[in-house]
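Listed next: structures, encoded as structure tokens.
Each of the next two complexes has subunit A plus one more chain, namely subunit B in the first and subunit C in the second.
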Partner chain A sequence: MQPNASASNAGKRALVYLVLALALIWTLFPIYWVVVTSLKSNAELAASTPSLLPLQPVLDGYRTVIERGIPRMALNSVIVAVGTTIVSLALAVPGSYGLTRLGLPRRIGTPLALAIGFALIFPAIAIVVPMFQLAVRLGIYDQLGTLILLNVPFNAAFALWVLRTVWMDIPRNIEEAALLDGDTRFTAFRRVLLPAMLPSLIAVAVLVFIFTWNEFLFALIFSTSPRAMTLPIGIAAQVPQHELSWQIVAAAGTVALVPVVAATVLLQRYLVRGLTFGMAK
Partner chain B sequence: MADVRIERITKQFGQAIAVNDLSLHVRDHEFVSLLGPSGCGKTTTMRCVAGLERPDAGQIFIGERDVTTLLPRDRDVALVFQSYALYPHMTTRNNIGYPLRLRGMDKPKRDAAVEETAMMFGIDELLERFPRQLSGGQQQRVALSRAVVRQPRAFLMDEPLSNIDALLRVTMRAELKRLQQQLGITTIFVTHDQVEALTLSDRIVVMEFGTVQQVGKPLEIYRQPANLFVARFVGSPPMNFFEGELRSEAGETVFVSDMLRVPVVAPRHAPANRVTLGVRPESLTVESAPSDGATRAKIALLEPLGYETIVHATIGSDVVRSRVADGEDLAVDQDVWLRIGSELLFDTQSGVLLS
Partner chain C sequence: MSVRSLPLATNRPGRWQAVQHLWQIPEQRLALLLLLPSLLVVLLTMLYPLIVTIRMALSSERGQFVGLGNLTRLATTNIFLESMSFTLRFSAFVVIVSLLLGLGLALVVNSIYVPMKTLWITILIIPLMVSDIVSAVVWRLMYHPTIGILNYALSLVGLPRVDWLGKSSTAFFSVGIIEIWRSAPFFFIMLYAALQLIPPDVYESASVDGAGGVRAFFDMTLPYLRPVMTVALMLQFIGATRAFGIIVGATEGGPGRATWTISYFIYRYAFRAQQMHFASAAVLVLVLLTIVAGVLFFRFVWVQRDAA
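Then we have the complex of A and B:
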């Protein structure tokens, strides 16, 4: 019995590893392919049998990308993503604290949370046209600040919903202990609660950053010149503008990948937590 | 250190009255337990003293100071929570030192105080660990250290022993008693566990429905429960009760029920209505032969505990419990005769103790 059982266990393990390997290839290969493509010469890209590695790596793609103003767009993306993250968290942290800790009666607190949560399912496309008209009237279209303003509602609502569950997981007694130890509500918040929730806060920040980094619709509609154009728009613009150059598209894509991959690798232990918020411990 | 005076406080949550016009004076250096079932208002009362709840009416004094409207931080009391409530991102050292840090004590003095307290609780080896790296009992000691280190005017403890396993609870119970004797800090201890209350307290406050049912020394509470609620709640196994009436027979007062006839000491105020006779299990002796005044019963169940045996016997349809030192010669279904040693009489309707 036992050798058989361990054989079938080994078989199961092999199957698990096989599935994991396939999933890994499925997710990582496109990234690999974009990076490799960005380093290949046009001649090599034209070859009928593509090679897994560039035979003679060239930086032509990156040179063109720089010429076409992609760095400026990357900077715009950074400004919009960082700005949105900061503003969203500045709203969501006290907001979620208030919703869960200020003793709101349930008949007020629950509808309020649901109303805020509605922002998460509201289709952006439905408001984009009136919003654009409004921006034109106010003379604030084609500005980075406006993009931040547009990205904040969704992301602040998302952050608030996640942080709400985080607050609910932090025992009230911890805050009460701090109040008895000599804190005021505010200093207890700053010195005890905020540090205690920091890992979750980092996870939410990374997610908001990535959402905004990838945001396309608002950026497409509201930026009419390079001064407010973000990376996704810039990359998309490479496609029809001249002849389709995979080298250039791939180089711009690689630029867009760098911060997301870096953030994911650096903060992955927080991200795992971030993706499992509110789940049973 | 100081006394704590609670004067006629009431606290409502919506329609529910958690504490109802409650007054209590905890003397300086005294260890007082608030004992009662869950929902009796004991925790709310303590939280009012801590300042975590504000009473709707009434006043609270710590020492000479009226603290009713003061913030928790200005009351100089320490609270030990059932869940310990350690700061998860701080080491043991910083957890214990936190209240001192907030009082502006400089680091060398703080460290000395923290180390001294940690030594007292035997956790001086754990100062650089985080709460998640500690066992439940160790976390408990950190929580106690954090309360002790600041030398508060009063200690408040909210079921501090309920989250640790049974074996450790007995150790910690003794340790708490030693601590209280050593430091002499005024302590209010909230518990639903009568053994904790009986073993630790100078006085016990038994609560139900947001009101005080009885205040007294542990043995007073046990021997002279003020009413049926206290009599039922304190004591394990619980007191036996028989409903019946008092009759005067040949100059003697006799308690009479369907199954029992027991001569009793006449209460000062004989009630007009029915009475309840209460007998502690240890006051009910089990005899194997009939004799005058003993009541026939049948053994239904035996619970040997080693040092004693709990005998469950049926008198008619009533089940009564007796504790006997030596139960080896008893057997289930055996006929026995029960004799009542000492008894208490309660007014059935009002529940008040008559004897």
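Then we have the complex of A and C:
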């Protein structure tokens, strides 16, 4: 051991803490700032010295947001996100099972998996014009169901891609043992496989929910009235042009942030697994 | 040898025959049936619009056939070329800075000096879950020329105010930083996960050799991280080239047309200027580039997965 080892360790430790402190500010300050701004009054917002805490917290921003129909848009977002999550998983769970666990030969399975994987990088903007014309022609423009239909393919592809790696990590013999015990494929799936993959399933479901909750492009083009507008559209519409009433858009933004941050904190362990495509255990 | 393998190769049944053959085996028939709904939904969502887009791109706004007219007009439309250039420069800036930040944070959090790693991971991945529109709006508030906290901070140290999003010289970096805020956590979490998979004996043998610090990182850590890094880089680069909500939320393409991305160009021409056929030509270019990126991407992902 070198004599100066402990001194250099102290230096390293200080550097690490400095980096972490900066990372903490960089990550959380914008979120803190939107919440604080949502509680400020017009007068406080216009002050030349921005205060780090709302001096006299008021709910004006939230009151305006309620008047402007944001709760209805939040409800619409929940409907689209829940609908998309259910349909995507209903497609992806059997799909990924079929792809990985029934002995499909590689030369068939690989191109099918790649075709679905291609949807992960396919630009959403590329389907918007034809789908817009189709939706108008079919009379399903400006409807929540249409938003679900548009969101499902991309999210089902994501779910299938992640669940595929999850299935590949579950040992084949636990299923075979169940089959020998007299289970059918379906009861073996429900009794043995489903519990084994449940954490990953939760992760994928929450991620699909959040992706859809956040989705902006389809919502912007395929909704014009409050019955189909989602929260991101409502938020974008509250950005003040010349006046300084930023508490309104901040309040709408806070409404959108709450479930996302809560889900991240509560389900962190599961989400990391889904985000890294099953790499993190 | 080649004489013998040649007839074998031609006798090899094609994919379609292979599928027909699979259909005879109950288990594999079930596999195809389970996969079919996802496959149909995903493929139709890409193929139907693609066919319509090709048809539209080849005709004028009034529906007359113009061949490659829209595409040649696109090639001479400055704002399209500028949008392309902005998109590529923007994406490159975003992924490079995000990679460096994410890698740095992954190494720091992974170090022995950091307690409560789970808590740090939870905090650091939060921006990944925040929508593009909310991120754009929050940063727009912080960038605000008169009431923004950033300009207030500058004024405290006696520097002049900056119109962060209002000048084309600063808008590029200002919008880039918003996207980096959302993108760096992805590199962090991917690389942190990859660091956990490095076998510890790699470092044990290194410390015996006396290698440490920077050299250990380049000799031992980096080779393990490289495949994950490549995947994350390509995914985030492709994601950044799609930037749309962040542009609408932060700058609406401005100042002037300084922050138009490809997606924003297509949106403006198709839905504001009502030139859907011209916009379709741009979609076609984007899809072709995506196919090229896809071929490159799955080369890497697939090689990595098979090797693992």
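Rule of thumb we're sticking to: the second predicted complex is superposed on the first by the 268 of 281 C-alpha atoms of A that agree within 3 Å, B and C clash if a C-alpha of one lies under 4 Å from a C-alpha of the other, contacts with A are read in each partner's own complex, and residues count from 1 in each chain.
Heads up, the rule we're going with is that a residue touches a chain if its C-beta (ideal position, glycine included) is under 8 Å from a C-beta of that chain, and two chains touch if they have at least 3 such contacts.
Note that the coordinates shown come from a computational prediction; the quantities given were computed from them, not determined experimentally.
Colleague: Superposed on subunit A, are subunit B and subunit C clashing or fitting side by side?
Modeller: Superposition result for subunit B and subunit C: fit.
Colleague: With the two complexes superposed on chain A, say which partner A:27 touches: subunit B (first), subunit C (second), both, or neither.
Modeller: Once the two structures are laid over each other on A, A:27 reaches subunit C alone.
Colleague: For A:143 in the superposed arrangement: first (subunit B), second (subunit C), both or neither?
Modeller: Neither subunit B nor subunit C is touched by A:143.
Colleague: In the overlay, answer first, second, both or neither for which of subunit B and subunit C A:245 touches.
Modeller: In the superposition, A:245 contacts neither subunit B nor subunit C.
Colleague: For the overlaid complexes, name the partner, subunit B or subunit C, with more touching residues on subunit A.
Modeller: C
Colleague: When the shared chain A is used to line up the two structures, what angle, as a multiple of 10 degrees, is there at the CA centre of subunit A toward subunit B and subunit C?
Modeller: Once the two structures are overlaid, it is 80 degrees.
Colleague: Can A:196 be said to touch subunit B (first), subunit C (second), both, or neither?
Modeller: First partner only.
Colleague: Classify the contacts of A:171 with the two partner chains as first (subunit B alone), second (subunit C alone), both, or neither.
Modeller: Once the two structures are laid over each other on A, A:171 reaches subunit B alone.
Colleague: Of the two partner chains, subunit B (first) and subunit C (second), which one does A:183 touch, if any: first, second, both, or neither?
Modeller: After superposition on chain A, A:183 lies in contact with subunit B alone.
Colleague: Of the partners subunit B and subunit C, which touch A:41 in the superposed model: first, second, both, neither?
Modeller: A:41 sits against neither subunit B nor subunit C.
Colleague: Compute the least Cα distance separating subunit B from subunit C in the superposition and give it as a whole number of Å.
Modeller: The answer is 11 Å, the least C-alpha separation in the overlay.
Colleague: Would you mind listing the overlap between the subunit B footprint and the subunit C footprint on subunit A?
Modeller: Residues common to the subunit A contacts of subunit C and of subunit B do not exist here, since the sets are disjoint.
Colleague: Going by the contact rule set out above, which residues of subunit A touch subunit B in the complex?
Modeller: Residue list for subunit A touching subunit B: 171, 173-174, 176-184, 187, 192, 195-196, 198.
Colleague: Taking the complex as given, what residues does subunit C use to touch subunit A?
Modeller: 15, 18-19, 22, 27-28, 30-35, 37-39, 41-46, 48-50, 52-53, 56, 104-105, 108-109, 111, 113-114, 118, 120-135, 137-142, 144, 146-149, 152, 181, 185-186, 189-190, 192-194, 196-197, 228, 235, 238, 242, 244-245, 248-249, 262-263, 266-267, 270-271, 276, 279-280, 283, 286-287, 290, 293-294, 297-298, 301-302
Colleague: Which residues of subunit A touch subunit C in their complex?
Modeller: 12-13, 16-17, 19-20, 23-24, 26-28, 30-31, 33-34, 37, 45-47, 49-50, 91-92, 94-95, 97-99, 102-105, 107-108, 110-112, 114-119, 121-134, 152-154, 156-157, 160, 185, 210, 213-217, 220-221, 232, 235-236, 239, 244, 246, 249-250, 253, 256-257, 260-261, 263-265, 268-269, 271-272, 275-276, 279-281
Colleague: Report the residues of subunit B in contact with subunit A in the complex, numbered from low to high.
Modeller: Its residues touching subunit A are 50-52, 71-73, 75, 77-79, 81, 83, 85-89, 98-99, 102-103, 146, 150.
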